Amino acid sequence: MNSFGRIFRINIMGESHGDIVGVCIDGCPAGLELALEDFLLDLKRRQGGNIRGTTPRKEADMPTIKSGIFNNKTTGAPIYIEFINSNTRSADYQAIKTIPRPGHADFTAEIKYGGFQDFRGGGHFSGRLTVGLVAAGVIAKKILSPMKINANILEIGGETDLELGLQRAIEQKDSIGGIIECTVKEVPAGIGEHFFDSVESVISHIVFAIPAVKGIEFGSGFSAAKMFGSVHNDCFMDKDGHTNTNHSGGIIGGITSGNDIVFRIAVKPTSSTPKPQKSFNFETAQVEEFSIKGRHDVCIALRVPVILEAVTAIALLDLMLLGQKTPLVIKTNKCD
Amino acid sequence: MNSFGRIFRINIMGESHGDIVGVCIDGCPAGLELALEDFLLDLKRRQGGNIRGTTPRKEADMPTIKSGIFNNKTTGAPIYIEFINSNTRSADYQAIKTIPRPGHADFTAEIKYGGFQDFRGGGHFSGRLTVGLVAAGVIAKKILSPMKINANILEIGGETDLELGLQRAIEQKDSIGGIIECTVKEVPAGIGEHFFDSVESVISHIVFAIPAVKGIEFGSGFSAAKMFGSVHNDCFMDKDGHTNTNHSGGIIGGITSGNDIVFRIAVKPTSSTPKPQKSFNFETAQVEEFSIKGRHDVCIALRVPVILEAVTAIALLDLMLLGQKTPLVIKTNKCD
Amino acid sequence: MNSFGRIFRINIMGESHGDIVGVCIDGCPAGLELALEDFLLDLKRRQGGNIRGTTPRKEADMPTIKSGIFNNKTTGAPIYIEFINSNTRSADYQAIKTIPRPGHADFTAEIKYGGFQDFRGGGHFSGRLTVGLVAAGVIAKKILSPMKINANILEIGGETDLELGLQRAIEQKDSIGGIIECTVKEVPAGIGEHFFDSVESVISHIVFAIPAVKGIEFGSGFSAAKMFGSVHNDCFMDKDGHTNTNHSGGIIGGITSGNDIVFRIAVKPTSSTPKPQKSFNFETAQVEEFSIKGRHDVCIALRVPVILEAVTAIALLDLMLLGQKTPLVIKTNKCD
Amino acid sequence: MNSFGRIFRINIMGESHGDIVGVCIDGCPAGLELALEDFLLDLKRRQGGNIRGTTPRKEADMPTIKSGIFNNKTTGAPIYIEFINSNTRSADYQAIKTIPRPGHADFTAEIKYGGFQDFRGGGHFSGRLTVGLVAAGVIAKKILSPMKINANILEIGGETDLELGLQRAIEQKDSIGGIIECTVKEVPAGIGEHFFDSVESVISHIVFAIPAVKGIEFGSGFSAAKMFGSVHNDCFMDKDGHTNTNHSGGIIGGITSGNDIVFRIAVKPTSSTPKPQKSFNFETAQVEEFSIKGRHDVCIALRVPVILEAVTAIALLDLMLLGQKTPLVIKTNKCD
């Protein structure tokens, strides 16, 4: 479905070429100061059209907060934030029904929704929906604010010199992916639960909701599989649980240890590549060569860091609100 | 919490050195034939004590089905399966409270549960709880049965010659991790949802509930981040959505395409290594060298494949039961 | 929270005197024809200003469907429906913070949200939010369409002659409540689950989300408590489960029997009565007499029937989509 | 399904004539003292065989706590409590498949589970499952302990002289129902949420999970529908929200006001009446007279008060654990 979280709960809606995309945030504590300006920096970071290698489609991406705010503070009621789609060119997408684009959800959406899906620009499957994730992330980050969540690109197309990686793709008239690392500093120990609500479980759940993500690893991740235990184990150095190394990525037994949370994700190359490709034509029943039209990112990974920060904040906040550790003290309303 | 799933829902309980570990499975359709024998092969695959490199602790691991079965078939009511813990040596674990073991949940459990946790053998955090996952997986696999779910070890300690990897760890008196690949064949197209209930989201959520898993990648995963789009895109070859390559791991836009689901996980080395280690002693308030007692696996990854198959089956079955794609036809009970 | 349902899931948002009220409907099957006209009749039934005894506040209540529809059919993506608030007089409500109105949520909202709630016209607590329930109900009813859901007022202020009951209240310059009965015809047998997802549990859960509802009874309800078992038991008369009487209200063991579902609810009198009342003044710290301003219904129960139909449809549809009764048959995508 | 709650979560399992009935409680805070003795009084109150008018079937009802407790305190892990069924006479129930008993779930279970249900003694539908509710309620009450939850029978078979009501049923060789009132004292203000998680919604949801309950009303309930608003409104008398009357039953806008929570439920007469009844015989395809065998309560309502207290405690505790009202203060683990 289109919702995530149990206490801090988000709900996304809208289509790439419909009237709007939106996000509804339920469970936000009351009394948090919130203004339009809080959203602008992160929304700009996500936006296409600002960096070389991203889509020339430019949406104003100006949020309208339509509920849940009163006197510039959250009220405890659902916060609905809307973005108008103004810059759509739907005519670009009519061919999708006949030839599903490789790497895109055209085929699976057709199967899943029996042909009734809005196929224009990916419809509800579009990466455009992530604008709502970023908006919800702004709120989650603000609540978590002593914590610092930062995501950075480590590699583009296999190159740590990012400019070089991008250059190679542009020269080849192809698209390219990347690897992004997210670090959370000043994390309280004790967030998360063993087993099904481990920090890794909940973060990975929402991270794979970001289109184009195909892998995630915490701490040493896949490298850990090659280490000896004596090397991998992080030794506790003080009573607060600080460790001399951080191979665990700040999470042990599914629960934060108070050390930095560190994880990396793999973003596949943008499916829409300028190169001619082959796919099955459902009308002619033959595999045919075709080219993709529309405006696309050479490297979608360039826009992912701020989205990754947002979903990480959403996941951590929900886990914090869920967590209980000691017996409650009930304050009753006794008469007399 | 300790439950997973929305329609096919599992709930795990118990402690490593308590009376029992158990699993309760709710939402299993009625009428499925189910006998004790169905469980034995997978339980044996998970069991320690059978393979070199796994713990010498041997539990009989004989399941008792205490509810939900009548005349050898499921009834639609919750199925509760219990395993008695007989072979416990709790005295081994008294030191944990003073010196939390590196890589173990001792420290985070202490923080989370305020010192009230059962710390014997990891208590509720123990890998012993995965016996319940395997039992639930047997049922899920049976329901999904035309689908075939197989997990295999690709590497042990960085070696594809598994015997060699294990040998190296035993010689070094150290522990070691591994990489495991899971493949699902004969998958219907259309399982999963875009965004938060993507197949990747739901599988990774439950996969990270397996202790010691620190990474997951679908299809080409981290390698995809280095590819050009023209290489990564899988071309559709026929009307059923079969593709010439499978870089996507059988999942596009979060939904199965009908091609094989393929993913890999990274398992860190067993935290309990025979080597002396350093950790913080909460009594002396100093970092001290100490050695871990108890019986442990040199390579816990050796026991993970059957657990990985189980959780994959549980995740896929729940997604299938959730999915709806076309308008309902309601059959009413009209009097006339 | 502000969401209900597990498969057919609704989310309500907005405030009485804010910009909008809205509803987001997730989990609606794809391919359902849906036009603005489908909503108009039920919205008009709920609307104030049309019947004597209801509020003179008139909102256009024209829905805008902003997502989830393509080519006049549902797509399977979330359907977001918005209503603009145009006719607000917020100045009426400034006194609420000082003297909480008896019977209103002013006091409990203040406690719950620490004074940050939007108090204008009840804010997010307002009955205005039920316009979203009615819109979601229109969709649910359409999907369930061979079923017929009808709610009717049985009593106003204790009078079965409804005009008389209303007259009495208007003469007394007071407000008044009522009793409403809901009947669902042509119900399939087998909807609902024993225990926590009984039809009674799920219907009553959402029914008590309607402001002012204080009681519910199924079938013979409170009268059943005075009957002998031999009288109360409905005898099965044929193989379809039709019974000679319907004291059970069509639900046995939490599951529909195929007979009509019948239940009644009690709606308390509108809290805002024209009469002067007493309440605690938080500024003077004294109990004082005061009068309520603003535009209100003499009898809110008059507007409830269509809301009751809506929530009943939402509850039944979600239960139907949840229900599974026999082993699945999996259709796989086998190559060759 | 068979679970209830989001933070304090219970899961019930087992069958009337199977090996066990059990309850698993997840989300219980760590550090609560808990001993077998805590359960005995409430279990005895629920038990048949102690009061005239209840079933002669006597189960020992001795709970075994199989997980989640360590050193006599809760650990934060799931608490599984089991009850052995020893006193079963399954032969009594073979006829049910042919002639479904009026008022029982025999027919609806058959439809729902396609004939695979365990029909012996009602199987999983049996009131015997409520022993698990009572056990979970003991824990919830203990956590809530400054609050006082008491349920009492108001009427048996329409008589407030309970002995008289019971006498009438025994003389008539019939079964009988009753009305029970539950009061919660020393309630904090601010529990519950507007709309879908109103206190009324959540309490009624779990109350209708108790077999035989057919109605619920809060405060003045159905009588409120006959009152004028000026009479029904409870006037606030002090800054803590105490009111001069309690027509609202301590809940306004879905949220506790700090006044006593008061509600009443209607329990229908026991379906199994000693009188001969008519029902449809699926073998002969005719309506036939038949008599019910087995051991049953004349008045099941006599055993309900302690169950009602238990589910009320479970609902209130879960709502308290869910509730958040002001911005979080995050304590981070900053190194310096």
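We just call them A, B, C and D in the order they show up, numbering each chain from 1.
By definition in this document, a contact is a pair of C-beta atoms (placed from the backbone, for glycine too) under 8 Å apart; a residue touches a chain by one contact, two chains touch by 3 or more.
Please read all numbers here as calculations on a predicted model, not as lab measurements.
Student: Going by the average position of its CA atoms, which chain sits the greatest distance from subunit D?
Tutor: Farthest from subunit D by mean C-alpha position: A.
Student: Considering C-D alongside B-C, which chain pair is linked by more C-beta pairs in contact?
Tutor: C-D
Student: Using mean C-alpha positions as chain centres, tell me how far subunit A is from subunit C in Å, no decimals.
Tutor: Centre separation, subunit A to subunit C: 35 Å.
Student: What whole-Å value do you get for the distance between subunit B and subunit C if each is reduced to the mean of its CA atoms?
Tutor: Spacing between the chain centres: roughly 42 Å.
Student: Rounded to the nearest whole Å, what is the centre-to-centre distance of subunit C and subunit D, using the mean of the C-alpha atoms as each centre?
Tutor: About 25 Å separates the centre of subunit C from that of subunit D.
Student: Scan subunit B for residues touching two or more other chains and write them down.
Tutor: Each of 1-3, 12, 27, 30-31, 76, 112-114, 124, 189, 241, 258, 325-326 in subunit B touches at least two other chains.
Student: Under the stated contact criterion, what part of subunit A meets subunit C in this complex?
Tutor: Residue positions touching the partner: 1-3, 9, 11-15, 18-22, 24, 26-27, 30-31, 66-68, 70, 73-80, 82, 112-114, 116-118, 123-124.
Student: Along subunit A, where are the residues that touch subunit D in the complex?
Tutor: 6-7, 27, 29-32, 76, 143-147, 186-189, 240-242, 258-259, 320-322, 324-328, 330-335
Student: For the complex, give me every residue of subunit B touching subunit A.
Tutor: Interface residues on subunit B, with respect to subunit A: 1-4, 12, 100, 102-105, 107-109, 111-114, 124-125, 129, 155, 157-158, 169, 172, 174-179, 189-190, 193-198, 200-202, 204-206, 208-209, 211, 213-230, 232-239, 241, 243, 247-249, 252-258, 266-273, 275, 277-280, 282, 285, 287, 301, 323, 325-326.
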